[in-house]
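Right after this note come the structures.
Across the two complexes that follow, chain A remains constant while its partner is chain B and subsequently chain C.
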Partner chain A sequence: MAIENMAFLIPVLPALAFVLTFFLGKKLPNGGAIIPIIAIFTSFVISLLITMNLLQNPGQVVSQSYNWFAILNVGILIDPLAAVMLSMVSFVSLLIHIYAVGYMSHDKAQPRYFAETALFTAAMLGVVLSDNILQFFVCWELVGLCSYLLIGFWFEKPSAASAAKKAFLTTRVGDVMFLAGIILLFADIFKIFNGSIPQGVYVLRFDEIFSHIPEIAALNTQIFGFEVSHLTLITLLFFGGAVGKSGQFPLHVWLPDAMEGPTTVSALIHAATMVTAGVYLVARTFPMFIAAPYSLLIVAYIGAFTALFAATMGLVMNDIKRILAYSTISQLGYMMLGLGMGAVIGITAVGDSLFHLINHAFFKALLFLCAGSVIHAVGTQDIRQMGGVGKVMPITFATMLIASLALAGFGIPGTSIGVSGFFSKDPIIEAAYLFGESTENWFPYLFSIVAALLTSIYIFRLIFMTFTGKPRTSYGGHESPAVMTVPLIILGLLALVFGALTKTSFGNFLKETFGNNFVSIDIHALAEMGEYHLASHGSGSEPLIILWMPVIVAFAGLLISYLIYGMRILDMSSIVSRNNPIYKLLYNRYYQNAIYTEFLAVKVVYEGLSLAGRSIDRGFDWLVNFIGHIFMELADGLRQLQTGVVQNYATAVITGVSLLVILLKLIMEVF
Partner chain B sequence: MIPLFYYLALSAIIFSIGLFGFMTQRSGIRMLMCVELMLNAANINLVAFSSYNADLTGQVFALYSIALAAAEAAIGFAILMSIYRVRDMINLDKINVLRW
Partner chain C sequence: MVDLTLLTPELTLVGTGLVVLSIGLFLNTNAKKILSYLASLGILASLVLVLTNLGNGGMLFNETLSFDALSQFFKIVFLSVALLVSIASIKYTEGNSHTEEFYSLLIFATVGMMFVASANDLIVLFVAFELASLATYALAGFEKKNPLSLEASMKYFMIGALSAALMLFGISFIYGATGTTSIPGVAENINILLGSPIGLLSVVLMIAGLGFKIALVPFHMWAPDTYQGSPSVVSSLLAAGSKKMGFVAAFKVFMVGLIALQAEWTTAFALLAVITMTLGNIVALSQNSVKRMLAYSSVAQAGYITMSFVVMSKTALAGAILYALSHGFMKAGAFIATAAVIYMVLSEKKDSEMPDHIDNFRGLGKRMPITALCMTIFLFALAGIPLTAGYMSKFVLFASTIEAGLVWLAVIAILNSAISLFYYARVVKYMYFLSSEGEKIAEPVPYTVAMIIAAIFVLAIGFWSEPFIYWAMEAAKVLI
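And now, the complex of A and B:
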């Protein structure tokens, strides 16, 4: 039996594990953790085998479709893009599950935890291997549901419950846009077919969508006096969904609050199963983006801005998990920027961005698991109360250091020496440079390079504050058990070498995504349609200083951090104070949270709804009372007839009978 | 054979007496008695038509009607007895607590 026929098991097994763990978990040791671990391990093995097959023959992708209803289908598509995502998601999720056996060992609700994370993984795997946009959306929503359940895992804590609600509602804003995009796309394709869809054509399957790109682009709508192509509209709506899910500005506010869940959940959300979905969506529909004028530029700008914006906030956070959360937002910004750079480097952008996504998944999962390990041992999340943890937890320290180096992106340009983040972040920054060169628009490059500097500063601030120096409070720390450290070491190795090993093969592999037996797309023709001017020469031909720039800023960041937080030579107390307006602005997260919750949520939505509700209530009240009043008045008149005098009733009866007789008589005379 | 007209005239007279009594009297017992008169006027009609048409159905109906009148009288007088015990009179004009 060919391995391709087992592809459907990849999401089905974890989903099955969800059911089993939910009902049987209580009777098994460790809350039945073994069930999802085995299921996800099997999914991982299948994904890996399919990926290997695909590596041999990238032109032959796995594509299976079955009729769902009418003109829609369910199906599986495993092309290079999906294959690397599948392998990464199942692998990282597997390690996190193993780690969670140790991390969650004291929690009473283990079966619920493992059941929900299994469902989370299943949903994400479902997103990845969907071959049509509707199935994609269904799984996407399932991911959102699971994130709600898991962020609010400790729902007895009010902060966790509200964080879960916030995550759900904020991503919903994006999801509604995504759904609107799907509906518009469906309507457009229906229009293109003149309403009669031939037998066997599934309108929302990706190959079908991509083959109609020119026709969709030709449809226009007037918005605020501008002629907007439907393709631009659809892609921007899709991107709106990605902004919500992937925590891009301005919908990133839920991600830092999502830290209320267990740390392992944060690792899952940030590395494997949730935030990457948005990037994946844009990558998956990349042919539409590149054919739509302005879309890729907006993706690039939002991405670059988010990268810098989040990094500035990461500088001042004191909660170890929040620093990592802002780091994730910033790195996701890089991925979006990478995709947006398709405006200048074409299809290569997907490879660059996905490469960063995979590397980021490894080192960010590692960072979170290390942070979890520290929190587990120290019992606090505030880095000001830590210090000197490195001596107590050498393995955690070593792996965390590797992850931080990978995040900051250390390496030597032009060689194969470097940590994974180096090989994936550099091409994006270089592409931003190329973009600046060809369009004279330097903002993406400037933003990304400053963000790289800030990244290095905040992550080493975390390292120095947490692991070096003397303990600032007394805590009885100890190294975590092997079930927790082994996943750390595995991830550490990957964060160290994955980038160097696959830096060229990865990009080449992903280039096959849009040219195979499922879809075959001429990216250059589409780019012309989208009015993007692809650079004739690839990256690597920039001046030496540009090649070295990311590494230089990374070192500069390390040095600044060391001087401030390691050696404590530079005194920051004058800057890091509530009196400094800039610090205050950053510490309060640009007051965006306040605007969203206190103004938008409380003032506009809550009070608006209550006003509307009150008015409607009053309207209905009046109507109901009015109808009641009519009958009251009527009854008041009619009951006067009930005199209580029997003779009156008798008179009525006799009069009635007499009238009936007279009537009968008259009728009989007429006929 | 007595012509049908006489029966019908008798019946109409008895019915009118009953109706008159029913409309003018205030005592519950008298009113019940008047109701009996009207019922029996109807019975006379039934039996007269029955005999005139040589069809027994009307007489059977009359029997039913008598049985019904007996039951009605029994219940009616029982109710009047109860009212009398409570109110010490059976003037139906004054029994009007359910009036508006």
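And now, the complex of A and C:
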């Protein structure tokens, strides 16, 4: 049997594992962890085999569609874009599951944990291989549900319960926009077909959507007096969904709080199964974005701004997981920026962005698992109470260092020497430079280069504070067991060499995403529709200083961190003080909590809308109760008719017949 | 020589019934369990025969029997319900010395229903109708030591006799005026009835006679007492099967035979549909006996299906026909689930006053998890929650009502659905949110098998509804 025919097993196996673990987990050792591990391993093998097949023949993608109902379908699409995502998601999820066997070994609710993470993985795999936007959305929502369950895994902790709620509600804002986009898209395509859809056409399948891009772009709506193309509207609504899921400004607030779940869950969310869904959505619908004026620019600005904004907050956090959380937000900003750079480099942007996504998945999963390993051993998350951990946990230290180098992006331009983050972050920054060059708009480039400096500072601050120096508190640390360190080493190797090995092949492979037997799209024509001017020459031909700039700032960041936190030469106490307004602003995270929670949630929504609503509700409650009361009274009255005496029943029949005759006669006379 | 291929399903059933009955005479009580399997197999074989004959159609016996998409569809409904009931009854009749009678009556009732579905002549229709009715009268009183069961049977029989008389009276008027009993023949010679009081009277009499089986208000009053008093498996057959026989007969009589009198019966059905669904739903609110609640719920559901007589479009009929199929599975399933609960209650306490009291459903989610889950599916389907058969049928039916411009009727029906959610959800609340001291018990296998089959179909029709809608559409084409 051809491996393509087993593609459906990729999401189905983890979903089955969810059911089995949920019901049988209690009876098996380690909460039944072996079931999801085997299932996800099989998914990974199938994904990898399909990816390898595709590498041989990138034009022949896997596409299987079945009628669901009416003009909608369920189906599988595995093109280069989906293939790399599938392999990455299943692989990283597999490692995290193995690691969790050790990490969760003391938890009583293991079966629930493994069941939910299996479902989480299944949902994400479902998102990735959907061939239509509706199925995509269904799985997307399932991802949201699982994240809620897992962030609130220790639901008896109030902070975990509220973090879960926050994540769910914040991403919900984006989800509603995404759904609105789908509805608008459906209505538009329906209109384009004049309401009569030919047999065998599935309107929400991606190839069908892409083939109608010019017609959708021609539809306009007036909003606040501006003519807005429906295509722009739809793509921005989709992007709204991506902003929520991928933690972009201003819907990023849930992601740092999501640390309340087990660290392994954070690793899953940050690396494999959740936040990348937003980036993937934009990449998946990239032809729509590039044909829509302004859309890609907005993606680029939001991405660049998020990259910088989150990095500034990462500088001052003291919770090891929170630093990583802000780092994720910042890196997601880079991915969005990368996609937005489609405005100048066209289809290559998808490859750049996805390359960073995959590399980031490896080193971010590694960072989280290392952090988990440290927390597991030290018993605190506050880096001020650590120090010198590197001596007791050499493997963790080494792998964490690799991951940090990858995150900061060390390497030598023009050669194949460098860690994976270097090869993926650099092209994005270079594309931003190209964008500045061709549009005279330097903000994305400035943001991204400053963010790169800050990234290097905060991650080495973490390294120096945690692993070097002397212990600042007494902790009985020890290296983690092999089941935890082996995944670290595997991820470490990938973070080290994956970028160098695949830096050219990856981009070439992904270029085939929109030109194969499933869809064939002329990106240049679409870019002209979107009024984007693609650069005639690719990146790589910039002045030498620009090529070296990211590396220079990375070294500068390392140096600054070393001076402050490693050598303790520079005294920071004057800066790190509550009297310094900038520090205060950062430490309080730009008062987001005050703005979002205290002002928006409490003042506006709760005290304003909700309390006003409550008095209205009281009226409705009364009304509803009153109606209910009437019906119950009526029921008691009417059931008296049912006397139980059969003579009465017969009388009712005869009376009914007579009344009907009379009534009908009257009615027929009148009309 | 008449080609009897089309008749093989019925012949198989009759044969099975006779064999079961005669073998039963020679078996001792313990060995009679084999009969229940035999009967189930016979019904299954008949169902398979109907399914293999799907494409074929035609007339038999001087065009008194017609085999078309509509009759096949309803035969499948009847046979599926009979099969579910028959499987569930394996447990019910266990150790009963009258097993062979139970099963032969069940089979003959089914045969009667199947002939009604095929009837193309008023006399054949009436005789088949009575065959089914007489068999079910006896079934309702099957627990002859139980006064409730006897009372149920007696009331059912008396009102049934009255209704049969009314129906026959109506048929005699029609025959008198048109000179024929053939249903298409009636339609051709209808002139004399047009605008005449006789026409009006015969319409009303036919409505009364068929309304008895359908349980339209005010001809419904036997139903709650009978459904409550009869053995649950029999209630299941009555609500899920016998009621649909009333519908298929009414479809034929009114939409084919008396189509020229449409103005009269449309008005009557509009009136009855509204009264029926409203009264059924409202009275169901205050019931504490689950079987009685299900009885009123099925009165209400009959009201929804009757809407199709008012709308009279192809989609509406397809909706009604699909509803008949869905209701067959959901109602049969719900009654069988109740039967399982009653079995549990009686095995703990022999002389329980009202074994189907809603209090006995407390904590069922823990005590009988499979039964509780299936019951939840059935109840949600009956309430019309999406992704179930009930939702899809309601959707098609209500949408067609709105399409036909009868917004007022659709609004009444939707409001009624909202009311009904209360009493369905109440049972779910008892099953999952209230606790009970009782322990977890082993769920009887036959009940469980029957419930799971029904639940699978309820979900399948809800989820993969397109082929079913298409199929119902084909059946509806026979009528319009």
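We take it that the second predicted complex is superposed on the first by the 610 of 671 C-alpha atoms of A that agree within 3 Å, B and C clash if a C-alpha of one lies under 4 Å from a C-alpha of the other, contacts with A are read in each partner's own complex, and residues count from 1 in each chain.
Assume contacts are C-beta pairs under 8 Å (C-beta built on N, C-alpha and C of every residue); 3 or more make two chains touch, one makes a residue touch a chain.
Please read these numbers as outputs of a predicted model, since none were measured by experiment.
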item	value
Chain B versus chain C as contact partner of A:517, first or second or both or neither	neither
First (chain B), second (chain C), both or neither touched by A:644	both
Chain B versus chain C as contact partner of A:69, first or second or both or neither	second
First, second, both or neither for A:664, with chain B first and chain C second	second
Partner with the higher number of touched chain A residues, chain C or chain B	C
Doubly contacted residues of chain A, that is, touched by chain B and again by chain C	639, 642, 644, 646, 650, 654
Interface residues, chain B side, partner chain A - complex	19, 22-24, 31, 92-93, 95-96, 98-100
Contact set on chain C toward chain A in their complex	154-155, 158-159, 162-163, 166, 197, 200-201, 203-205, 207-208, 212, 217-219, 221-222, 224-225, 263-264, 267-268, 271-272, 279, 282-287, 419, 422, 464-466
Parts of chain A lying in touch with chain C, wherever the complex brings them together	67, 69-70, 628, 631-632, 634-636, 638-639, 641-642, 644, 646, 648-650, 652-657, 660-661, 663-665, 667-668
Chain A residues within the chain B interface of the complex	639-640, 642-647, 650-651, 654
